[in-house]
Structure formats: structure tokens, C-alpha cells
Amino acid sequence: MNYTISTIAPIFLLPFFAFVLNCIFIKKIPKIVPWVSVAGIVGSFFFALAVFCDFMSVYNTDYYIHKIFNWIDLSHGENVFKINLGIYIDNMTAIMLLMVTGVASLIHIFSTWYMKGDVRWERFFVYLSLFTSAMLGLVLSDNLLSIFMFWEMMGFCSYSLIGFYFEKEEAGNASLKAFMTTRVGDVFFLLGILAIWAVVGSVDIPSIYAAIAEGAFEGKSVFGIALASFAGFCIFCGTIGKSAQFPLQVWLPDAMMGPTPCSALIHAATMVAAGVYLSLRMYPLMYVGELNTMIAYIGGITAFGAATIALIQKDLKAVLAYSTISQLGYMVLGIGVGAYNAAFMHLVTHAIFKACLFLSAGSVIHSYHDKYMPNMGGLKKKLPYTWIAMWCCTLAIAGVPFFSGFVSKDRILGDALFMLYTNNAFFIPAILGFVGAFLTPFYMFRMMFLTFHGKNRDKDKYDHCHKEKLTWNQNVPLLILSVFTLGVFFSGSLTGQGIIKVVSPEGKDWFKVLVEAPVQTNLEKFEGRKKQIFSFIDDRDKTPLPQTNYEHQSGFAGPGYDINSEEAYNDLHHAHVEGAILSVIIVAFSILLAFGMYIFGWISPSFFYDKLSFWVKAIKNKYFMDWLYIDVFIKKGLLKLNNFLSWFDSGIYDRYAIDGWAKVNKVIFKASHWFDRVVVDSVAVDGTAVGTEIFSLVTKSVQSGYIQKYLIALVGAIVALAMFLGF
Amino acid sequence: MFANILFSVSSLLVISSCILMMWTKNLMHSCVYLLGVLIGVAGLYLTLGADFVAATQIMVYVGGVVILMLFAVMLTGGKDYQSQTQKILNLFPSMGNKYTFMWGVGVAFVFGCTLIYFFRNLFSVIKVIESDDSYTPTIERLGELLVTDHLVAFEISSVLLLGALVGAAIIARPRKERPAFIDDIVDDHHHDEEHH
Amino acid sequence: MISLKAYLFVSMILMVTGLVVMISRKNIVAILLGIELILNSAALNFVAYSKYAANNLDGHIFSLFIIVIAAAEAAVGLAIVIRFFQVKETIHIDEASELREELTR
Amino acid sequence: MENTIAGYFLSFAPVQHLADSLGVGFTSFLIFFAFCTLFLVILATVGGFGTIAERKISADLQARIGPNRVGPYGLFQLIADGIKMISKEDIMPRSADKFLYYLAPFLSLFGVVCTIAVMPFSKNLILTDLNVGVFYAIAISSLVGVGIFLGGYASNSKWSLLGGMRGASQIISYEIPVTLTIMMIVLIAGGLSFNTLVAEQAGMPWNWYIFHNPFTFIGFFVFFISTLAETNRAPFDLPEAESELVSGYHTEYTGIRFGLFALAEYIEIFVVSAVSVSLFLGGYHIPFGLLEGTFSNEILQFGSLFLKTCALYYVVIWVRWTFPRLRVDQLMSICWKYLTPIAIFNLVGTAIWIVAFDGRSMFDLFFGSGVH
């Protein structure tokens, strides 16, 4: 395949052009706006598919495409200042592109059903196109600067989409909250970019990799902290903000105020995925900066805490929102424990089943006209297709074997267990992860039971709800997505542990082979690489890359432990098998508990409410995080500070400094006015005018206006000139 | 041989035509004498081997400029005006006065002498190339020169012509009369004032 | 062989005649006629020098451009004349004095 | 000398003997003189026959008989007319501008007759093959407009003046589409001389420039319509519109001066038709190159050109007696709003065609370069 402007740019540009066109169409011909958006993203999907197929056909870890073009060139003489934009596509990008475009296409299609007839529903597609194009741009970008630009573009889009129903005050507040909370992370991210710039002198990803491989970060520090740690931490803060990790997770539940398809997009394919994607990209930096423990802690806490909050939610979408936070916590945990491959896999699988879950939830809410689970129940008969799709996804997210969630989550947990064996510091995150794995099936099954099973609890709405028919834009997207919740697509084997091999490229676990952590041993390929200019002509070197032997790349082992040794490999294998068995047992218990509580009625939920009342109170208040931020930080702290500053500004600065200066000016003005009137105006200006007038009286007689006089003068002048020159 | 005959005829035509043009009172005749001058100059170009320039001269001047002049004379009446101003310009009589010819000859003499004197050294400076009378076609070389060395001037002259075309059309177009409804409005206004 | 001076003589006569016409006549069209004469004399000089002094075709190019400019000038000039006639009902050159301030003060 | 008729005849042995005794210059002069006279006579005869043709063809179109008294089929009518015109009194209006009144018909005829200097009657029967031939022809024929205008002005009559003004403005305007169309052909042929223009059209009719590409096909009709207007022929005969202006610019002319105007008009039609034939319809070429290299070939070529020109002449007359006359504003709008833009479009289109297909004709493209 040729990697040129015409084959790569459409992936990003088709949705973007759809956005631009829609901006024009929305006033004149709003009818076609949704279809332009759908056409844009579906076209983009096919281009992404072409890229993916190319990478699958090459099937090599070391294969990547990096092409640049000059964006800004302010070089002058020897001072080189160039900003290059470009594309960087490796295996991860290719998979990500396919996932984003595919999921976004289905969400677009679903939206044409869900949003039809809604207020401003055409405008929704405008935002959707821009959102998708921003995410695709971010994925394609080769440098942190353009990643940051697209990152901010997504921030804006999420702001617009969350506040889509801006008539509602909560929606407006939620959008503001999302925007402001992610802003905290963005500031750190920018700081991280600057730190990297300071060391590497460039912000494109291969350069950073090469610099890390050369050891450019060694021995450098800022504020007494190692610079790699500082930069890595700052960039990880961006992830915390965008992917709703522990301290900054408060915005994501509120993001439910937007329309459900946009929630699907934010929670699955784009917004939160971007944060984890960034951390995965900057993985070597975290590695060098030794931030793994912190990352693992944050991931574990998030995974566990969000899962507990999800247990008692009544809103259908809120359960899904907290489950999103929890699953994102797993991804971050995966990054922390060195399960790079598994974390990315979980990103992809989670995107697919979470998109499907949200779309299903949208289908339920739109059909049932209610979003509170206590009012639902027994919807299985009314919404059979949605029920099937949602069960598939539930099984996947719960980590039931043969489904994708099991494959990916288990690998994370397996690595966590391995780290637990080798390094004591990872004890708490690993345990939190396993506890979260216990809670996940429970709250998801609870949601399913409350929604679809049992008796209905609101007869009016139930009767009002039409029986679902198979329509191409309502439930066909759900069913398509639910097919991909099977683990076989991702693992190459049914369980992901190499027990049952199923056909995959070369009979191997393709995901594991292709996505390889960029650690020291394979970063060396970036050293001394040649930059390719992104052009209309493919100037790629056609020679095939050497095949590398696949070895498992584990992350951070404890000191004195050789991770490449035979012993380590065996340990890892054992840990994975143990982890798998352990999590299957945990999931089984969890499901049993859910059945017992909601179907068979062995245990009443109120039993737990009574026993753990303090805990439940904390959960109900979302661990007091909102209270902490809004009431303590903002109302007690920032507002006070603002009042003080305002008083200082108006009372002190304005009154004394500015007004006083005005009085001084007044005096100066009077003096200069006198000078201007008397000296300048009367003497200089009028005097000059009179002088000019007198002079003009003499000279203007020459300008008689008779052309023939001029002509005579011209002839005379020529004669005189000739005489002067000649005689 | 042919060239000499052509030169004699052409220069005779040029000189006689331009003297007649200066002489005659009738502007229409003046224009026709100008035609003679132009054709004569075209003949002189031919003796110099400038075939394309000669053809262009006839094409542009005879087919365009002279007819325009004739039009202009006809549309404006072609009167021969007398001088209106006092003082110095009266010394330069307009056509028809008996002094005209004297003045013409006088100015011609002074100016011609000056020019000759001014350029007298030029003839020694210029090395006159004694080329033979053989005739070489110029048109291909002219074409090449126009689109290579003189391309900018060529393009600018095209812009100039376009500007002249549009400008002439706009300038000569009669101004629109004031629309009738404006008068009505003004009248209404007056009526209102009278009522008050 | 005709000498260069012969051409220059013809050209000089054209030039002087044009000058006389321009100075002595009061009709704007007549003045334009005089301008045409002067332009022709210049063009003739260019072609003559091109043959006798330079032996290249630059003079031809120049005279072509002179012809072009003369055509443009005639078109615009005559349009102005006709417009002038519409306004003033005369084309006396001395009537074109709207922009002149009177000398009295 | 090489491109002139004198050069051609000097290659014949008897003429060379004459040149040896009389000198080359004088012999050339004699040849030129002879052929100028010959062509002038031929053209005058053609012009005279033009009047007869006009009358006979119009009679035919209107189911009349036409002149039939003088000679067989009334063919000697032109001699009778000529004698009448010469012998009639030459009247001049009292208030006419004498000088211009006398000058005008001669200017008109001068402009027409000068064009025969470059008329390609055959490969060598061309007085001089100037390398600016076609340009010269356009340039010198614009004198006709001056003649018409001066004639109209000098008569000092309202009819004549209006006719003269119309004629001049019409001729100036229609020169633009004519020139642009000729430029199109010049682009294809790559030269301005008539022999260059005709050279590529040798052989069968599909080599004619009218079939070279779609633009030339349109261009031929643009050219034909514009030349009708240039020669003041119906439906563009506004300068002499009988129903409005009595007889237009030659209302006041009588006798031989009127005859000169009429002759100029009919010769101009012939000349313009010949130019059309040379530019678009293969010129003097005959198929298969019969008798090539001999003097008979020249005669055949002359016949070929004459035949085609007469056919076109017939069409011109046919048009005159078929179509009604246009109004002045229609005339101008046809020129400036239709013909000129079409001509510019044709010019650009032909240029693109030449670049795109390497100057090959349509037929060449379809049937390959082997067929000629």
C-alpha cells in the first residue's frame, strides 16, 4: 500500500470535511446533514481498513510508517526553528484507527435513529463529525504538539456535546465541569510537552523514543525530580484528566447529560480512549521515569472505587459511566504493571463492548422513555435484539470466558499477579484489581436483571413501549458490535491463554505479536532513522523489514530480576494461568451472588445496605469527591481568594493608582493644551499656511491650465537643454 | 531599386500629407491626410524590412484609429476654433490665420535645428551597419521575442488595451437621466412643507 | 541603399509637423492627430535605428508597442472628447479649465 | 523573389532568355505588371458577372426569369450596364465635400484590389506570397471601411451619413471575430503566408481545416457570418438598407463612381470567399495531386479554387435573398455577445486541441496517420 496524502489524509479529512460541509449545509439544507456525516465516517472507515489490512499483511512488530511535512518554518540563517507535522502509524495506530472509525461509524448510524426529530439534531452530527475527526487526527499524529491540538479540539467537542441540551441547567453545568476538570490535566500535559521539548528538542514520537533509547533523559532533573519522572508525570496527568482517573474522575458521570450516542462516543472510542492512548504512546517515558508504581496505584484505586459506586446506581447510564471509569482504571493498572499489550487490548475491546452497551442503553431509554432502572424490568420481551446485544456485552465486560473482556482483563490481572509475586509494592493495586474484577460482573448483572428480567414495575410505560423491530439504524449496529465482543477476534484463541488455538495469522496470538511494548530493546530501531517526507508519492523503502522473534515483553520487575530469563518466562506463564483460574472463580462467585440477590432472592440488597451503612453513605456521595472539589476547593478556597483579589483590584489598585494617575494627567493636559493652542497652532501651523499662501500666489501663475502653453514651455525647455548641453 | 522607388514615393506621401494636414482648415481633410501619412509610414517600414510592423500599422491605424478620428470629428462638428484667451496664446494663431504657416515653419526651423545640433555627434557614434537589401522575414523572430524577452511588456500592454476598452466604453456612455420618481419624491416633500 | 539620415529627416518632419499641429490648433481632435504624428515619427525612428544601428528586432517590438499605445490612447482620448462635448457642447481646448483656480484673490 | 510569381516564371527557359537581354529587375517588373493587369481584369470580370449572377440567382429563387435580353441568357447584360455607367453623367451634390467625394470610391476599390497581391490562385500563381499574407489582407481591406465612411460623410446627405456610420462601425466590429478566427487557423498551420496556410490541406476533403477539429468547424461558420457583415452583404447590409436609407452611403453617387462602389463590393465578396476557401476548404488543392509539377497542375488548381469560391459566392447570394435584414442593435449584439465570445472560445479550444493531440486532426486521430 502507498502511504501518501491521498491514502492517509482521508481518514482524518473525510469526517473533517463532513464537518465543514455540514457547517454550510445546516442553515440551508439541514436534511442532508446526518447523511453527510455518516458518509464521511464510513468512507474514513474504509481507508482505515486499507491501512489495517496492509499492517496485517506485513505482520511485523518493527513495521511503522513515519512521514512528515513542514508546517511552520521560521528558520533564519543558522537558527533552525521548524515545526513539522506528520503521521506516525505503527501496529497500534492501525488497530486504533480501525476501532475508532468502525465504532464511530456504527454510532453515527445509530444516531440517525436515536436523534431523529430531536431538537437541533442536525447540529449534533456537526459536532459528532468534528469529534471523530479530532480523535482520528490525534491517533494519526506523530508528535505531541498536534496530539495536544486535537486533544483540545476533542475537549471542545465534548463540551459542546455534553451541553447539547443546554436548556437544562444540569447539562450546562456538566459540560462546564467536564471542560474545567479536564483542563487541569491539560495544563500538566502542556507542561510535559515543554519538558520533553527541553530535553529532546523535538516532540515527535519517534524522536522521543530515539532520545529515550540513547539515554537523553539520564541525569537530568528539574526541581530535584528526575526530568523523565517529571515529564512522565505531567503527561500522565493529562491522561488522568482525559481518562477520568482517580482524582479527576468527577466529570465523567456528569457527562451523561449529553445525548446517549455522544456518551457512547466519549466513553468508548474517542475521548477517554485518547488519554489511555497517550499514556501508551509515552510508555517508555513512564518506564524511564519509574512511575509505574504510582500509575498502578491510581489505576487500582480508580478501578475499585468506581466499581463500588456503580453497585448502587439507579440510572442505567450512570452504571455504565462508572463501569467505564472502572475499566479505564484497569487499563491504567495495566500500564502500571507493564501489561502494555493487555492494556491496549483492553482499550480496544472495552471500546467495542462499551459502545455497544451505551447504544443499547440508548435504545432502551429511547424506547422506554425512562432511564431509571427501578422503573424498568421485564423488557426482554419488548426489546429482544437489544437484550441479546446487551447480554453479549455484559458477559464481555464481566470477564466471562470466551468473551473479549476476559481475554484482555485477564492478561492485565495476570501481569498484576506476576508483579505481586515479584515486587511487594504492587500488592495493593493487584488486590484492588481483583476486588474490582469481583464487583464488575455483579453490578453489570444487576443492571441487566433490573432492566430486562423480572417483573415490570411501571405498567404505563411498559404498555407504551413498542415491540422492537429489526431496523438497520436501531439495532443492527448493536448486533454488529456485539459480534465483536467474542474473544476469538482478539486473542487468536478462545481464552487468550494459548489453550485453544484458533485460526489467526500464522496461528499465533496476533494482538500479542503486533503490539509490543516500546521498551529499551526495541526502541533502538528509532535511532538514526531517516525521516520521510509526507507527500503525494509514496517514497517508502520497499525492502521488507527483518522478522523479529517474538518474545514476551514484560514490564517492570523488581530489582535483581532478569525478565528475559527462562525462569521469569515460566513465572509469568504460571502467574497468567493462576490469574486466569482465579478470575474465573471470582467471576463465577460474583455472578452467583448477582443471581442470588436479584433472581432467586436468597439475599436482599438491604442486608448489605444495613451491614455496610457507612460505606454505602460514602458511595452514595461518590466518596465526597464532588463535595471536596466544589464546596471545599472552589467555594471555600477559590471564591475567597477571588473576592480578596477583586477587592484589591477595585478598592486599592483602581482607586489609588489609576485615579491618582488620572489627576496627574489632567494637569499635564492643561499645560500641553495651552502650548498646543498658542505656540503650535497660532505660530507654527497658521504661520506656515500664510507663508505657503504667499509663495503660492507667485508660483501658481505658472500652472495656467492651458495645455498648449505647457507644450510651448516643453519645446523651449528642450531647446534650452540642447543649448546647455551642446554649446 | 524597388526599395528606392518605394522610399521616394512613401516619403513624398508622408511629407506632402503632413504638410497638407498642417495647412488645411477642414478637420475631416486633416484626418484623411493623416491616413496618407500613416500609409506612407507603413511604406517606409517596408523599405526597412519591417513587414509585420507595416501590416500592423495599416491594420491598427487605418482600420481603427483613423475611423475613430473621423467618427469623433463628425460627432463633435469638426469646427475650427479660434483662440479665446488673451495675452501670449494669441501669438500662436489657430489654423486659417495667415501667421500659421510662418509660425509652423519658424518652430520647425528652430526645433529642427536644435534636434540636428543635439544629435549631430550621434551619427559619428552610431556605427551604421551597411546591410544589403536582401529581405529576411521578421515575423517568427518577432513572435519569439514577444513571448520571451518582452513578455512582461506584452502582457502589460494586453492589460492596457483591456483597460482602454473598458474605460472608453464607460467614459463615452451617456449618463443616466435622473429617474422620474426622484422628482416625485421632491415634489411630495414640497407639498408637505406647504401644508405645514 | 537608403541612408539612415533620410529616415531621420522624414521622421523629423513628422515630429515638427505634429508639434505645430498640437500647438496651433484649438480643437482637441486636431491635437490628438498631432499626437499620432509624433508617435509615428518616434516609431519610425525606432525601426530605422533597429535596422541601421542595432541590427536586431527590438526596435520593431518598440514600434509595435507604440502602435498599441496609440490605439489605446486614441480610444480613450476620443471617448473623453465625446464626453467633453456632451457636457460643454464644444471641444475647444481652452474650455477644459474646470480645475483651474482663477488667478484673482 | 522566390515566393513571387516573377520568381516562378523566371525558372522557365524563354523567360530566362528575356531576362538575360532585359535584365532580371525589368523582366520581373514586366511579369508583375502583366499578371497584375491579368488578375485585375479577371477580378473586374468576376465582379461584373457578380451583378449578373445576383440578378439571375435572385430571379431563380423568386421564380422569375431575370435579365434575358442582351446576349444569350442575358449574359452580356454586364457590358450593357458597364457602358451605361461610364456614359452617365457624374453628378455631385452642391454642398458635398468635393475632395472626399471624389476620393471615397477609389479608397474603397483600392482596399479591395490590394488584397489580390496575396491571393493564392494556385501554388505559384500568387503575385507574392508575403509571409504576413493573411494579416496583410485583413489590414488592407479595412480601407474599404474608410472609403464607405468618407463616401457617406462627403455626400452631405442624411441617408448617406447614416449609411456611412453604420458601415464603418460594422466593419470595425466584425474585424474582431474575423481576426480571431483567422488566428485559430494560423495556430494550426503555424504561419501567416497563404501557401503555409493552404499547404496542410492537400489531398482529400477530410484534410481541410474545417474538419480539423470541432472548433474549426464552428469557426468556419463564425468566419462566414462575419465576412458577410464585413462585406455589407445581406442580412447585414445595413449601410445600404434600401427600405430605410434609400441606398445608404452611395445614395448620392451616380455613374462611374457608383459603379466603382458596386464593383468594389462584388470583388470583395469574391476575395473574401477565396480567403474562406483558402483557410477552411482546402484552398487551391486538388485530390491525388494530379499532374503535379507541371504548368497544367497550376491551371487545375486555379480551377479548383475558382470552383469552390464560386460555390461560396452562390451561397452568399442565396443568403441575401433568403434572410431578412437585421436591426442595428441586433447586428452589434450578434458581433459582441455571440460571435466574439465564440471566436475566443474557439481560439482557446484549438490551442488546447493542438497541445492535447499534438496538432493532429480529427480524422487523423480516428483513422490513424496512415490514411491520406
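Should a chain be cited, it is by its letter among A, B, C and D, assigned in written order, with residues numbered from 1 in that chain.
Definition applied: contacts are C-beta pairs under 8 Å (C-beta built on N, C-alpha and C of every residue); 3 or more make two chains touch, one makes a residue touch a chain.
These figures come from a predicted structure and were not determined experimentally.
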item: Central chain (by mean CA position); value: A
item: Contact-richer chain pair [B-D vs A-C]; value: B-D
item: Separation of chain B from chain D, taking each centre as the mean of its C-alpha atoms, in whole Å; value: 30
item: Computed distance of Cα centres, chain C from chain A, in Å; value: 75
item: Chain B and chain C, separation of their C-alpha mean positions in angstrom; value: 5
item: Geometric centre distance via CA averages, chain D-chain A, whole Å; value: 80
item: Interface hub residues of chain A, defined as touching at least two other chains; value: 706, 708, 712, 715
item: Multi-partner residues of chain C (at least 2 other chains); value: 19, 23, 93-94
item: Of all residues in chain D, the ones touching two or more other chains; value: none
item: Chains touching one another, given as label pairs in label order; value: A-B, A-C, B-C, B-D
item: Touch list for chain D against partner chain B, complex; value: 25, 97, 99-100, 103, 130-132, 135-136, 138-140, 142-143, 145-146, 149-150, 153, 161, 165, 168-169, 171-172, 175, 192
item: Contacting residues of chain C [partner chain B, same complex]; value: 1-7, 10, 12-21, 23-27, 29-30, 32-33, 36-37, 40, 43-44, 47-53, 55, 57-58, 60-61, 63-65, 67-76, 78-83, 85-86, 90-95
item: Chain A residues within the chain C interface of the complex; value: 697, 700-701, 703-708, 711-712, 715
item: Complex interface listing, chain B residues touching chain C; value: 3-4, 7, 11, 14-15, 18-19, 21-22, 27, 30-31, 34, 37-38, 41, 44-45, 47-50, 52-53, 56-57, 60-61, 64-65, 68-69, 71-73, 75-76, 78-85, 89, 92-95, 100, 103-104, 107-108, 111-112, 115-116, 123, 126-131, 133, 138, 141-142, 145-146, 149-150, 153, 157, 160-161, 163-165, 167-169, 171-172, 174
item: Chain C residues within the chain A interface of the complex; value: 19, 22-23, 31, 93-94, 96-97, 99-101, 103, 105
